[in-house]
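Below are structures written as structure tokens.
There are two complexes below, and they share subunit A, which is joined by subunit B in the first and by subunit C in the second.
For the complex of A and B:
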């Protein structure tokens, strides 16, 4: 089957990108192995909690300039507003806004800044038990994507991405084999190590689908767990339009969004969902502009 | 407790101190055992868990070898609940000297160790994880031992015979008068409160810290800290202990333990300042992986879940002023004889598995000083079970630690009966968090049970737990281990909000 865009990764980034593209008539398929961090969400989204110096941020939109990934966006405020609308259109209600951080109290009794607190979702029990709220959000977004004509290939893993003459010419999936699905453009939204979007060995770090260029560091650190860890910022190298680099050059029809991007530390900045959604929307915009779709 | 005088004060809650407390208490002495942290804080909590057959020393140190096999037999008999009688192999790889095997078997037999050369095909049947290219295999009575369980059993037996114990109490100075040690000044490290305790004899059983304790009495025991690094793999790959049949070297022993296996070790001198802050280097991790996978190739595809290091206290021989020659074997010092300081005995050197013999030597000296003539029976009297660890699953009780199958009743028992007040203390008493997930899931559940409504105590405990856990993962942070570390950070630091 041929599509306009195939998105690899069915988490918050993949779904956000897919919904944004589909809503503008782009024929989109999404391949998901089921390793989404969204399952563990306890019902709140973060945009920016702390700045580069580690100071708490109260007005995120004023502080995004100094943050990796956010710097590459062409209008963070507008994108944040569109992200909020996307969630609402998927049937998710929330309180909070990008202008000013709200606060939530975690199950450990710790108060921390957040962007949105979702209202009509089940209570979280234990965060890792693929909890109520996370699953609810995931399902709402999948429903929305499908209602816009998007196709979701669930429980399937993309692999063996072929790049020839600076463009992706095909991928395989575990269930469908090679050549079953193809597209003019691809989005890599497969997440970080915990989502299997990045794989590490004792010697190196790689991106398993396309062998994209990866930004990493060879030296293991001696840092305490609460210090920012370099590995959090490892990820796929891209150009300013979020095109994936391979052997130093941009792959013309391959984009990356979300946790797989290099340079961001979602723990340090408290910006996981913001990076995931805003980069996904920017990639959708870039694709539409580039293809004059 | 404050005003009475004990017969003996034992400083050090590792296996040696616990064993000495047990022996002295069983002989009828009134005993106080003090430990600055939790039991097994030093080398006892950071070793290989190997119950040597002594075969490893048979060629180079036959005296040590004989001591080992005797204690091996004793511990198997008196502490079956602490020992997994796996037996072991010494195998020869193609690049090793095959003629060493004969020498090795002869030396074992001379030391009284039951060493049996086994056909390599048979060896591979008995231990399928072995490198199929081995050229020789010798079976020996090595076994796996749980040092935490063993130490707590000794403590329990001591308490059953009237001994008292105080953990989190550091001996900050010795009480001395006219060249005699009368006891010690203790500080409760949790509250800062200090008090004095008096005893007719003080036993210094504090491992690497023994040097500092002896200094408090004005005498010197020169010690060197020899660090040993070890790797824990995510599942029990071998059934039997696996050794390399050659002169002892780095990384040539893999010991199975409960649901994991442990490869080790190394030996490097470290300065004293590092002893309380040991770390495994990536080079040490790489060396251990390389050497151990030569014996058991599937280790290369097995997840490494934790790296840790312990320090062996090597005692410099008294007769060498340069401190370069170290004493092998047990060092029992009656300071009255050695230094003219009455009331102080130091027991050090040795190995974890000869602890009972070390304790016997120390207790003999103590009893002689006090005119006590009771006989030592620690070689024949069985060690008691430590209930929380042995407890079977209780019907209807939810599982707290899935890897190690510990339920809520087990946790509560460790809290109420064994005094566990933190995740670390719980871990040492129940093995909670020692399995494949390294406490990723159970730490949160257990912390809720331990601390209830005390949010701050729960947060502090979890912070400490996360720091310790990461220390053990960072030198081996790749593959699934890195993915799990990131997931743990996501849960505890992002969702649950724990920060520095």
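For the complex of A and C:
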């Protein structure tokens, strides 16, 4: 089966990219190995909670400059607006906006800045169901993607990405084997360590599908409270249009979006969902522009 | 022995990869309706650690598991949760199967008797007093409507009506029809033969296939299942070329449960066994065959991804085929278990749970209001027809209905 774009990863970034592409008529398939960290979402989205110095941000759009990943966006404000619309079009209702952060109180009683708060959060009906909002968001986005004609390969995993002469020429999936699906462009949105977008062994951290270049951002140790975990910041290296680097040069038809991007530190900046959605939208735009789809 | 089990478990079922994230619990349809069920995480990787130390930790509630695999599909760690649960049932379960379980499990034995007396059987199992006895004595729920038995098996139809013509085809596929096609619904097998012939492929049977064994596994008769598995794999090995199926459950059992649960090595032929939709989709993809559809064909259908089709990861092939049919209005239903899980929903103690599990799906179907639901699973068909009141078709049958078979045959 041939697609215009195959997205690897069924979390927030993969789904955002998929919805954006398929809403513009791009034939898109999404390979989703198990559920993503979206499952743990408590019903709120962050765009930018703290600046590089660790100070809380009240107007995120004004503070995005110089923040990792956001640096590479062409017009973060516009992208944030589109992200909000994408969520609404999927039937999700939120309060808040990118203009100014609102505050919410975490289960630990800490007030923290945030971008959007899901309205009508489904109540956890069952005692063990701590995941009401995350599951709800996930399902709404999958439904939206499907209704736009997107195809989801559920519970399947991408493998053995082949790169020849600077281009991806094919992938296998665990369940369909090799060559069953192919596309002219690929998006790596497979998340970080928890989702196995990145895998760490005793010797190294690697990206298992394509063997993309993995880098770690310089770790800043001068801000102790916000001192990043050493593995934060690890991710795949890209060029300025989010094209994945392999052996130092960009792979012409392979893009990365979301948590897998190098330099991203969602705990320090409070920007997890913002990075996932905005980079995914940017990648969708870059693909459409470059492919003249 | 303990060590061997432990190593086997660690290697194949990925017990140690459990992240304790609880995602599986949100996707388990049993857990959603019955608080007595400990859920995939506990019943699977968590308790398995204890069972490995002492089999006394085995808990009979594991039989509430549908083996639907929805937990596995959702698990980000790649833990093969249903295998852990089913193997524990096989390994530690102590109850001898009841008469009821024997009847439900031996689909081929019961089928061969019932087909011979189809009108009587179909009539009697529909009768109130008979249903009462089945319920009271056997524990087969009286609210369940029984699948009808055909008056003539698929195999006997094939031998007389279809086999002679198959010799005329240079290219051949073999067909594992399964018990359902043979005893309950030969029509699906006939549709399969018609479609394959139109695509330029002759069809052969394996010659003596046994029930894939899925119902035996679920009803505590693993040893019998293993004998069937060995026989089937032997037959598959004996001939060349692909072995196609029209049931997602038979396919899943032969490809995955044989090695993982029954210890029957199928590695030499595993890749040869697959759903017909997969084979047809790849022929279309490579341009080897072409299709001609009936002029003015129109139908509104909803696709239901059966648990085992989803676990195979192959729903894409059916969706791909359906999307190629002009005039077909297709809704892809949100993936949910229908609740029957083979023989599970026939048991009195499971009936209510089974219907509660399926309710979400039935509701989706009522809302979509299709003329037919399309799915690859025969037991989903019984459940959906009974509970949502909409006819259910295999994708192969829908294809046979939409194709201009003669015109297609000319193209290939």
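Basically, the second predicted complex is superposed on the first by the 274 of 293 C-alpha atoms of A that agree within 3 Å, B and C clash if a C-alpha of one lies under 4 Å from a C-alpha of the other, contacts with A are read in each partner's own complex, and residues count from 1 in each chain.
The rule is simple: a contact is a pair of C-beta atoms (placed from the backbone, for glycine too) under 8 Å apart; a residue touches a chain by one contact, two chains touch by 3 or more.
The structure displayed is predicted, hence computed values, not measured ones.
Colleague: Check the residue A:110 against both partner chains and state whether it touches subunit B (first), subunit C (second), both, or neither.
Modeller: After superposing on A, A:110 lies in contact with subunit B but is clear of subunit C.
Colleague: Where does A:4 make contact in the superposed view: on subunit B (first), on subunit C (second), on both, or on neither?
Modeller: neither
Colleague: Applying the document's definition of touch, where does A:196 land relative to subunit B and subunit C: first, second, both, or neither?
Modeller: both
Colleague: Is A:213 touching the first partner subunit B, the second partner subunit C, both, or neither of them?
Modeller: Once the two structures are laid over each other on A, A:213 reaches no partner at all.
Colleague: Which of the two partners, first being subunit B and second being subunit C, lies in contact with A:265: first, second, both, or neither?
Modeller: After superposing on A, A:265 lies clear of both subunit B and subunit C.
Colleague: Please report the subunit A residues shared by its interface with subunit B and its interface with subunit C.
Modeller: Subunit A residues touching both partners: 40, 126, 128, 194, 196.
Colleague: Per the contact definition, I'd like the list of subunit C residues that touch subunit A in the complex.
Modeller: Going by the criterion above, the answer is residues 19, 21-23, 25-27, 31-32, 35, 39, 72-78, 271, 281-282, 285, 305, 310-316, 319-320, 332, 334-335.
Colleague: Using the touch rule from the top, collect the residues of subunit B that touch subunit A in their complex.
Modeller: 279, 282, 286, 289, 440-441, 444-445, 455, 458-459, 462-463, 466-467, 469-471, 474-475, 477-479, 482-484, 486-487, 489-491, 493-500
Colleague: For the complex, which residues does subunit A have touching subunit B?
Modeller: 37, 40-42, 46, 106-112, 126-128, 192-194, 196, 199-202, 220-227, 229, 231-232, 266-267, 270, 272
Colleague: Spell out the residues on subunit A that touch subunit C in their complex, using ranges where they run on.
Modeller: So the residues of subunit A in touch with subunit C come to 1-2, 29, 33-36, 39-40, 126, 128-131, 135, 139, 142-143, 146, 151, 153-157, 173-177, 180-181, 194-196.
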